[in-house]
Amino acid sequence: MGERQKLRMGLVGGGPGAFIGPVHRIAAELDGRCALVAGAFSRDAERSREAGAAFGIDHARAYAHFNQMIEAESKRPDGIDFVVIATPNHLHLPIALAALKSGIPVMSDKPATATYEEALELEAAVRSSGLPYGLTHTYAGYAMVREARALFAAKKFGAIRKVAVEYLQGWLSRRLETTGHKQAEWRSDPARSGPGGAIGDIGTHAFHLLEYISGLKVTAINATLRCVVPGRRLDDDCNAFVRMENGVAGTLACSQIAAGELNEMRVRIYGETGSIEWRQQDPNRLIVKWLDGPEEIHHAAASYLGRDALAAARVPAGHPEGYLEAFAVLYREFADALVEWKQGNPQPLPGTLPGIEAGVRGMRFIERVIESNKREGWVDF
Amino acid sequence: MGERQKLRMGLVGGGPGAFIGPVHRIAAELDGRCALVAGAFSRDAERSREAGAAFGIDHARAYAHFNQMIEAESKRPDGIDFVVIATPNHLHLPIALAALKSGIPVMSDKPATATYEEALELEAAVRSSGLPYGLTHTYAGYAMVREARALFAAKKFGAIRKVAVEYLQGWLSRRLETTGHKQAEWRSDPARSGPGGAIGDIGTHAFHLLEYISGLKVTAINATLRCVVPGRRLDDDCNAFVRMENGVAGTLACSQIAAGELNEMRVRIYGETGSIEWRQQDPNRLIVKWLDGPEEIHHAAASYLGRDALAAARVPAGHPEGYLEAFAVLYREFADALVEWKQGNPQPLPGTLPGIEAGVRGMRFIERVIESNKREGWVDF
Amino acid sequence: MGERQKLRMGLVGGGPGAFIGPVHRIAAELDGRCALVAGAFSRDAERSREAGAAFGIDHARAYAHFNQMIEAESKRPDGIDFVVIATPNHLHLPIALAALKSGIPVMSDKPATATYEEALELEAAVRSSGLPYGLTHTYAGYAMVREARALFAAKKFGAIRKVAVEYLQGWLSRRLETTGHKQAEWRSDPARSGPGGAIGDIGTHAFHLLEYISGLKVTAINATLRCVVPGRRLDDDCNAFVRMENGVAGTLACSQIAAGELNEMRVRIYGETGSIEWRQQDPNRLIVKWLDGPEEIHHAAASYLGRDALAAARVPAGHPEGYLEAFAVLYREFADALVEWKQGNPQPLPGTLPGIEAGVRGMRFIERVIESNKREGWVDF
Amino acid sequence: MGERQKLRMGLVGGGPGAFIGPVHRIAAELDGRCALVAGAFSRDAERSREAGAAFGIDHARAYAHFNQMIEAESKRPDGIDFVVIATPNHLHLPIALAALKSGIPVMSDKPATATYEEALELEAAVRSSGLPYGLTHTYAGYAMVREARALFAAKKFGAIRKVAVEYLQGWLSRRLETTGHKQAEWRSDPARSGPGGAIGDIGTHAFHLLEYISGLKVTAINATLRCVVPGRRLDDDCNAFVRMENGVAGTLACSQIAAGELNEMRVRIYGETGSIEWRQQDPNRLIVKWLDGPEEIHHAAASYLGRDALAAARVPAGHPEGYLEAFAVLYREFADALVEWKQGNPQPLPGTLPGIEAGVRGMRFIERVIESNKREGWVDF
């Protein structure tokens, strides 16, 4: 058996002050399958070099523009195996297109693009390229999310009847975007974030998780958007009714002005004989409630869990895993798929890993929410 | 100081198999202020006597009809001081009217009547009678609900921005009403329950608590009703958007097909700088979250609470009080008011005790929800 | 079927400022089986009358001394059916003896007496009298405590291996006894409390619950006592190892200087294949953990519970019951037993109701803890 | 600014089937400061190469013996910067001595050695070498453990009065060591584990955390050990009283036969005016309770935390970090210290990073517990 070669990744974004760029680096390398070797961390060449140095990569491979990176790396014998996109949303499409055009697979932060039209364009490009494309809907990497998904796939609770998903934060309760707060700035700027505020930033996560766990598609939505903080240019609060396949109905809520909430994503799905509840802030426990029996708490890494959940665990039950580990599960799956793809499997991405289809759904979600809010009523999906 | 005279109560409803009748007896007597002395427990004279005997009351005062009770008791020197209504909803109005007509104050289970029109009729009767009328919105009797109410009254979190209230049960996940289950039977029968199913039974509680704690009125609602269990004649699941005074918006949900939920009423209200969360199943704790500081748990009976919350506590902090105690707080307030009224105070009911206004609001809520559902959109309140 | 006669109770203690007296009244009357009709509420005749008036009882039956009450009530045709003892500990024995001597059954607050010797004396008196004697170890009245007890009686977890019980409060973290605080005063006064401080006040509860739930007797103890607050005359903190029948071992802790704890009684008992955990501050949930399966939460009043737990429930699952309801379960059992006893059953007390045996055990516990602490090592039980 | 050089680590242990070896790799590399480049993963050369390949390291640097590794790496210009010890306990000393002798710093899993005598020998070697030596008491890397430590260092609760620490697992409730379970095997074998079973494996963690958070030393202990599972050769259950500096007293418990517990480490420390509680299974929350105010929950990464806690956070509040991240905090500190040491700082290890002193304390703890158990009483520390 030979030495396992790590997959080489080139990161776009993640310069000084960035939050999600370093997270991608940790997540990608955590299971020892990938290594950050290049990056276009900032448009400012000096800042990009600084970031590269902080990441410990070769000076020559810290580029000032993603096009430079893609061009230069394509010529190297040890060039990058895939591009990671971790920039504000408006750059997702051009970067992804550039990478695909050069034959380089893509792992992208969500949302896939800035608008629904862009998402369709990207989908076409991904399909015609035949290249692996992964989307880091982080929460899909949690072991207990996968356990919940498996329970519904196995119809453990009879038919699904009712859903309630919410993602509540409070950090934009003040108008941070005018105080120099980098994260708040671009997220509330339509030019960089796209037409969605909270719905793009966190609503898409809630929407994805709902379809991901339930195995059902949303078919119609009735959403109300608010821009609660005076002067803000994008929505910071959303409540929606959803209709799903098979007559399922429920609610989806997201907010960034829920003062006191940190990162409260909670999913509840009710079937005929029981239900599940999962909270991102308590991710190693899945609450399972039964119509006729005791409430249960299923613990991550416990022996009674299903295959998907156990595959996502690294440490024994009772040793908490968190956000970075969930993120890393996606990278591990992507790395596995990339190896398979290199070996000739044309469609190596597993169903558990969000890809371009999830990307298009997410952008459709944003577009439909905005349309529903405008019409003040239901819109089909 | 003389011996304190207990107030004498006459109960309508509460015959064999009833749930809420005995609860009223316990709650009314718990603080030693009232005594059950008469009742029309069942239309069947024999069953009424049986129930009366089980309650330990005089044979002669177990009546077969509320009119008999009111007539007979009015003539006794030791006749009842007030009537308690604990029947299916369709009887609430006639009983209340009969009592008021005879000059007897009323303590009624919720909802106040079976329909909104009836509620208006009752409101007029209450007002013209000048008699005390209380409504047992039980949850308003919890100490920590009162603490939350006081915090918002004192503007501790700045202006309210967002609300989310839900009341979820699972016990009607099966079609119990066809199995001889008495509680399920009348609750799903429009003739006895009125036009609302879950919205009448539990939605009114959620609605009341929302206005009670926030101090704000709902001004418009957009609700979707479902009748999920095949064959059921009334709604068993509801999701609604609400708009309130001062631009506040949020959601209200209730369900009796949320399989696995027991009696999950939860209220969250968000202000500019913090928020509260209260769960009926964990009633002695009020969770207070701050935008800029640690989350707090305020415990019932603790010294740092406000006057209203402390007035509702009977045992030291750390000794749980529950549903019966909350119920009893309402009776204690009603008893206090009755004594004052007898002493000549024409308007003795405290703002903390739900009365006819809350009753009309609740019935308006049911009517508006049904109208909104029919129109598939917003209706004003 | 005739009118059910309420049992008439005479309360000793419970004068102005008392905590536990009014609790006994509420608990006794809650299920409609008993009625407070007489009392010796205070040694000061005027204060006793005041307290009696507040309780709503006849002036003539508010006595200044328990002997007066017993003598006078014994002569009335409607005299008291039993005496309730709710005084500081040093009076428990004389009151109980006086009642028993007059042929009146006794319901006593714990601890049974002030010293172990007194307990033996009382035990002899109870046995020779043949009268019902109940001890209000409140926590034994909680439904989920009874469920836990039933699970171990049914050997659901194999043999018990390990126990851990603790009862932690913080309210004596300051020297309250010198500030006029009535409760703190007598509890820290050896003349009124007996030789135990925290161990008598709350340790006895923990000890009782341990034997009550496990069904096993403590056979040896190794305890360390501390008097942490300077100037205090009795222990305010205790840690102990215990050995029980069948080779079981574990710990018992109690403290009244655990600053920040309210009334944190927690019992954990481990068997070969699983364990239970119960917290008094969250009393409607019993946590059941399994070696090989998901953790479970058993909810009070749920259909899957055993007979004993269901018998203790008054309201449906999801409607919290608390401290007063647990207390009232004991009174209901006592009332049932009293009725049976009047009908000729010489030994009517059910095994679920703590009696004189539990009283003697509790006093033995205090005595043994003090002896162990003195010897700095193990003592047999 | 130049490219940051990663520190090169050589791992001893971590061959096929190992748990903690891969954890060290992840933790060391997580923050991008270290890289696994060599290892003696197994005494079987073939298995060592396999493990090395799985880790993605150069064939030539997968050694069959730690001495080979140390010798070979010492000669390479790109040789390892430090040795990581992740073997069964009996090898800790010889590996550490070999590394130190060759001038290579050491990061060791706990316990430091197999016996107390060995620990003293190691301490002398570390001191005379002047080389950095770190001990991975993982739980000391949790942000909220550091917050608790800082709160006590700042005397936020007045003087400490009482402590209670426990570490409970259930996985050894059956005699796994005879079923081929590798982890159970060596942990219950005195030859490989040393004289302590549960006390060595997890009790040392509890002991360390107690001193680490409180800032106080244990001065005496009174422990009882049990070997509950028939046939087992080392303790699997321990309860102990502890006395600490300043008159503090409390309890320490650890068990591996607490059926149903996963990895329940819980620390409670009580001061005069408040207390803290931290649970390893809910690591991002620190519960702070006050004698006179609401209970508080302090959340990891929240702005109101102290410097030490914030330094340990990688993602925003509400994004859970877990066991691996805590582990990685220790590696980050060790890497920082190593860089400083290379730059000439002779004592670079920060007080927050457990080192040889903690190692000696831990081994002393094991030795004292065994002695106390033998004597059935108190022993000084």
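Should a chain be cited, it is by its letter among A, B, C and D, assigned in written order, with residues numbered from 1 in that chain.
By our rule, a contact is a pair of C-beta atoms (placed from the backbone, for glycine too) under 8 Å apart; a residue touches a chain by one contact, two chains touch by 3 or more.
Since this is a predicted model, take the numbers as computed values, not measurements.
S.K.: Determine, using the mean of C-alpha atoms as each chain's centre, which chain is farthest from chain C.
M.R.: Computed centres place A farthest from chain C.
S.K.: Please state whether the interface between chain A and chain B is built from the same residues or different ones, using more than half shared residue numbers as the mark of same.
M.R.: Shared-number fraction above one half, so same.
S.K.: How many angstrom lie between the centres of chain B and chain C, each centre taken as the mean Cα position?
M.R.: 34
S.K.: Approximately how many whole Å separate the CA-defined centres of chain C and chain D?
M.R.: 44
S.K.: Could you grab the centroid distance between chain A and chain C? Build each centroid from C-alpha atoms only and quote it in angstrom.
M.R.: The answer is 55 Å.
S.K.: Could you list the positions in chain B whose residues touch two or more of the other chains?
M.R.: 261, 288, 295, 299, 302
S.K.: Over in the complex, which chain D residues touch chain B? Could you list them?
M.R.: Those residues of chain D that touch chain B are 288, 292-299, 302-304.
S.K.: In their complex, what parts of chain A are in touch with chain D?
M.R.: Where chain A meets chain D, its residues are 1-6, 19, 22-23, 25-26, 29-32, 49-50, 52-59, 169, 171, 261-264, 280-284, 299, 302, 314-325.
S.K.: In the complex formed with chain A, which residues of chain B make contact?
M.R.: 157, 161-162, 164, 166, 170, 173-174, 222, 224, 226, 228, 237, 239, 241, 249-251, 253, 255, 257-261, 270-275, 288-291, 295, 376-378
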